[in-house]
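Two complexes are shown next, each including chain A; its partner changes from chain B in the first to chain C in the second.
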Partner chain A sequence: MLRLVGVAWWLQVKMRSRSAFDGLLSLLWPGFFATTIFMMFRQGDASGPALLSAAVGSSAMGIWSAVSTTSAFALQMERRQGTLELLVLAPQPFALLLVPLTLSMATIGAYSMVATLLWGRIAFGIEISIADPVAFVLAVVVTVFAIGMLGMLIAISSIRYRSAWAVGSALEMPVWLICGFLVAINDLPAWVRPLSAVLAPTWGVAAMRSAATGHSPWANLGWCLLTAASYGVIAVLVSRWMVHSARANATLALS
Partner chain B sequence: MNSLRLFFVGGLISYRALFGWLSPWILIPTFLFAPLFQIFLFVYIGRTAGVSDDRFFLIGNAVVNAAVPCLFAMGNTIGGERNAGTLPLLIASPAKRVPLFLGRALPVILNGFLVAVFALVVGALLLRVDLPPATWGGIAVAIAACSISCTGLGLLGAAVALRVRETAVMSNIVLGTLIVFAGVNVPVGAMPGWMQGVAQWLPMTHGIHATHDLAAGRSLGSVSGALLTELLLGAFYATLGLALLRWLEWESRARATLDTA
Partner chain C sequence: MVRVAEPVIQVDELVRTFHTRRGLFRRSGKEVEAVRGVSFTVERGELFGLLGPNGAGKTTTIKMLITLLLPTAGRARVLGHDVVKDAHDVRGKVGYVFGGDRGLYERLSGLDNLRYFAELYGVPARESKQRVGELLELVGLVGREKERVEGYSRGMRQRLHIARGLLHRPEVLFLDEPSIGIDPVGARELRATVKNLVDAGTTVLLTTHYMFEADELCDRIAVIAQGRIVAQGTPADLKQQVTTGTVIEIEIFGLPDGVLEKVRAEPDVQSVVVDVQGQAQVLTVHAQPGADVLQAVMAHLEGSRFGRVITREPTLEDAYIELVNAA
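And then the complex of A and B:
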């Protein structure tokens, strides 16, 4: 199973790295938002930990950007390429086959994270002093994994919808907002907070921020892994139902 | 008469045929849901960063969302034809190019206008931002000017689409540039000098500035200069787009690269 995920992940990363134009967008799109946000914080005379916190949150935005639209569109692309049937027929759980797919998207997003942190340092002079670098890197890896798992759940849930990319695209900013990438969860309306709590990126970004500012990230990392694992369980159940429905109604290629 | 028919009927048919956005599955998330969340995102970031007020972010982000249909739909004018396999037919047709492409711009302008108005009205209601009724007319004029000028830039994007396959990626990059430079979330006056210089040449900058002034109670006459500049910029980009279309169309024929971009 690990070999399957590892080999397929590497294959997908290579495939997704082929388009220079797409690669440019994955760096530039979150970069535009990060630049605006750095300028806003600079305008508000933010400094020290506040600016570092903004830099960490902005840099993580790219990971979600790389996953939100593409994961929703992933199965539509497989359908267009004629490979969806092969994936469904493969002698492995369908959900498992999608893990490397969306994990590769999140990995590409991690490029933009590094680029955004460098951009903040070079263009805005933000001092990127990470208090616990090992825990920070671990938090990034776990966040990438968790966002990949969330992407997988979105991909599976949208298998029946031809226009799923629009839904995925529309999810980009809500997740940035309610997962506390840049705004403290406590500043959001109370009814939003339970929603934030069930989204793995909330815990991942909190862990990254904790590691960067010298607080313990472990509890947040634990919650991040737990929510990500729950996405896996839900995805397996949803995929079985979706695939069964598609087979029974002969709609796999027609949705 | 033929040109008028091409302008109105051709434009409408093209809009309905090329843009699957009329499906509620795309229209609602793209034009209604996403602009509102962009507003909320920046309002909350603004509160966290301790800058400006909710109204500033509401206006900037609502108006800039007019650019979404203006840029993407115009890019699709060429890209969509290529995907549908009808680009050679379009280029081979004896139709006059100016009414052909400007006609395609008309529904897009209306679309952009409605997206921005929806975002502004619903955003104001949800955030409890007060926009006095006396300002509504002027703000509508400013938004219309922004939609027109952005469609001009979109026409330039349509021309580039004769050479670039990834029109959506290109439009995203242009949209991101507008979000950074056009005074959407950071006042142009607070930007470094070189950014202010760039902003003056972009659609949206003058229109958003005028909308802020109008919402603050200034008269339409007092912002007429900014709105005129906005429209002139739109005309400049549209002219550039039509010229580039002509040149790239000629080059595509000469090099047989119409469908291979």
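And then the complex of A and C:
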């Protein structure tokens, strides 16, 4: 199972990184985010920890944008290519096949994280002094995984609904807010907070910030993994139902 | 294990209706009855052909059997597993190859495509590499496997498809127009490959629009038209069901006036068609079943100059055309 995810992930990354056009976009896009955000924080006379927090948040935004807009669309692509049927035919839980798919997007999104941090350094002189580098890298990996899992939940609906790919784009910005990528969660209205708590990236970003500032990231990391794992369970159940429904409504192929 | 007596594929009054919707709010769609009560069985090790015109319901039937579509009514079992209740058990044991150039990852090489599907279909890690190599050899893609599929010709894609379908050594193979786009030499190799698989015990369900292919390969054939099976049997059976008997083709130089009418008037002659081929005219005479009209026909042609005279039995194509037209 791990091997399946590993090999499939690698081939997906290979496939996705081969389009020059996508590649260019995935570098430019986060560049724009980062610039906007750094300028805003500059204007607000932010410095030190606040800027670092912004850098971490905006790089997570880059990963999420890469995943949310493409994950739902990816299955539509598979459908168009005629490979969606072949995925369904594989004797594996469908959700498991989606993990490498969205994970590969998150991985490509993670490039954008590096790009953001470098950009912050070069153009804005933000010193990235990370208190606990090992924990920070770990937190990045877990966050990438968590964002991939959330992307998978989005992708699932497009097994059944041919036009569900729009859902991904619709969720792009709300998740920025709710997960506290930019704004502190405590500043959000109280009714939003439970929503933040069930979104795995919230915890991932919090862990990244803790590690960067020298606080203990482990509790946040734990929650991040736990919520991400629960998406896995949900995905297995929901995808089973979606595949069944797609077989009834003949939406696995284009014709 | 499957009991020896149980057929590998058992299809019982299978029905599939499609609803096509126009617009989001107007639910007034059209209903297409693609498959309307199809029944047949395929025994272990058999090569079963499903023939029929475009839109007859062949692909729809196959997709129900391999669990990509749910039947609207009826039942089907593959290797003893119900295609609705035990879909998961069916999936691991069947292979599916379809015609056309979709179903591949364009941006990956042929080799990577096979690697990916080998993982997906649970080919054990230590076997995977060897298996992929074997199959590349089998379909004649060795040397081109590192190139991206984007750059493959149609026939190369089709070959890759076939390799993909065989990766996990399926017990039952569904081939939906597998020879589309393949050159004559490749098509012959494909037929040999399919025969070898059947000899090794694989059960195959094949659809094709090439009658000679079906005739050469299939143990039994079902002809399907407008969602219903109109005839079933061995290729020989089907040829016999045809109402035409022996076919005589006579090449003649300068057909005298009035002879054609005389030949037509022969009691045992069913139909006569004249074709002009270069200098010659070719007379195709269909006799009534069981009748021998060669002598009688030749008597009318006394004094003319002949080329070839061929007497042949009706082909599967003759039978097919008649069956489909009658449906």
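Simple rule for what comes next: the second predicted complex is superposed on the first by the 252 of 255 C-alpha atoms of A that agree within 3 Å, B and C clash if a C-alpha of one lies under 4 Å from a C-alpha of the other, contacts with A are read in each partner's own complex, and residues count from 1 in each chain.
Basically, contacts are C-beta pairs under 8 Å (C-beta built on N, C-alpha and C of every residue); 3 or more make two chains touch, one makes a residue touch a chain.
Treat the numbers as computed from the prediction; the structure is a model and nothing was measured.
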Combined model on chain A: chain C and chain B, fit or clash: fit
Broader residue contact with chain A after superposition on the shared chain, chain B or chain C: B
Partner chain in contact with A:132 - chain B first, chain C second, else both or neither: neither
Chain B versus chain C as contact partner of A:183, first or second or both or neither: first
Apex chain A: angle to the C-alpha centres of chain B and chain C, given in degrees as a multiple of 10: 90
Which of chain B and chain C A:248 touches, first, second, both or neither: second
CA minimum distance (chain B, chain C), superposed complexes, angstrom: 8
Overlap of chain C and chain B interfaces on chain A (superposed complexes): 19
Chain A - residues contacting chain C, complex: 3-4, 7-8, 11, 14-15, 18-19, 81-83, 85-92, 97, 244, 247-248, 250, 252-253
Chain A-touching residues of chain B, taken from the complex the two chains share: 20, 23, 25-26, 29-30, 33-34, 37-38, 40-42, 44-51, 164, 166, 169, 172-173, 176-177, 179-180, 184-186, 190-191
Chain B-facing residues of chain A, complex: 19, 21-22, 24-25, 28-29, 31-33, 35-37, 39-41, 43-46, 54, 161-163, 166-167, 169-170, 172-174, 176-177, 182-184, 187-188
Residue numbers on chain C that touch chain A, as the complex places them: 18, 63, 66-70, 88, 91-92, 94, 96, 98, 100, 102-108, 112, 115-117, 119-122, 125, 164
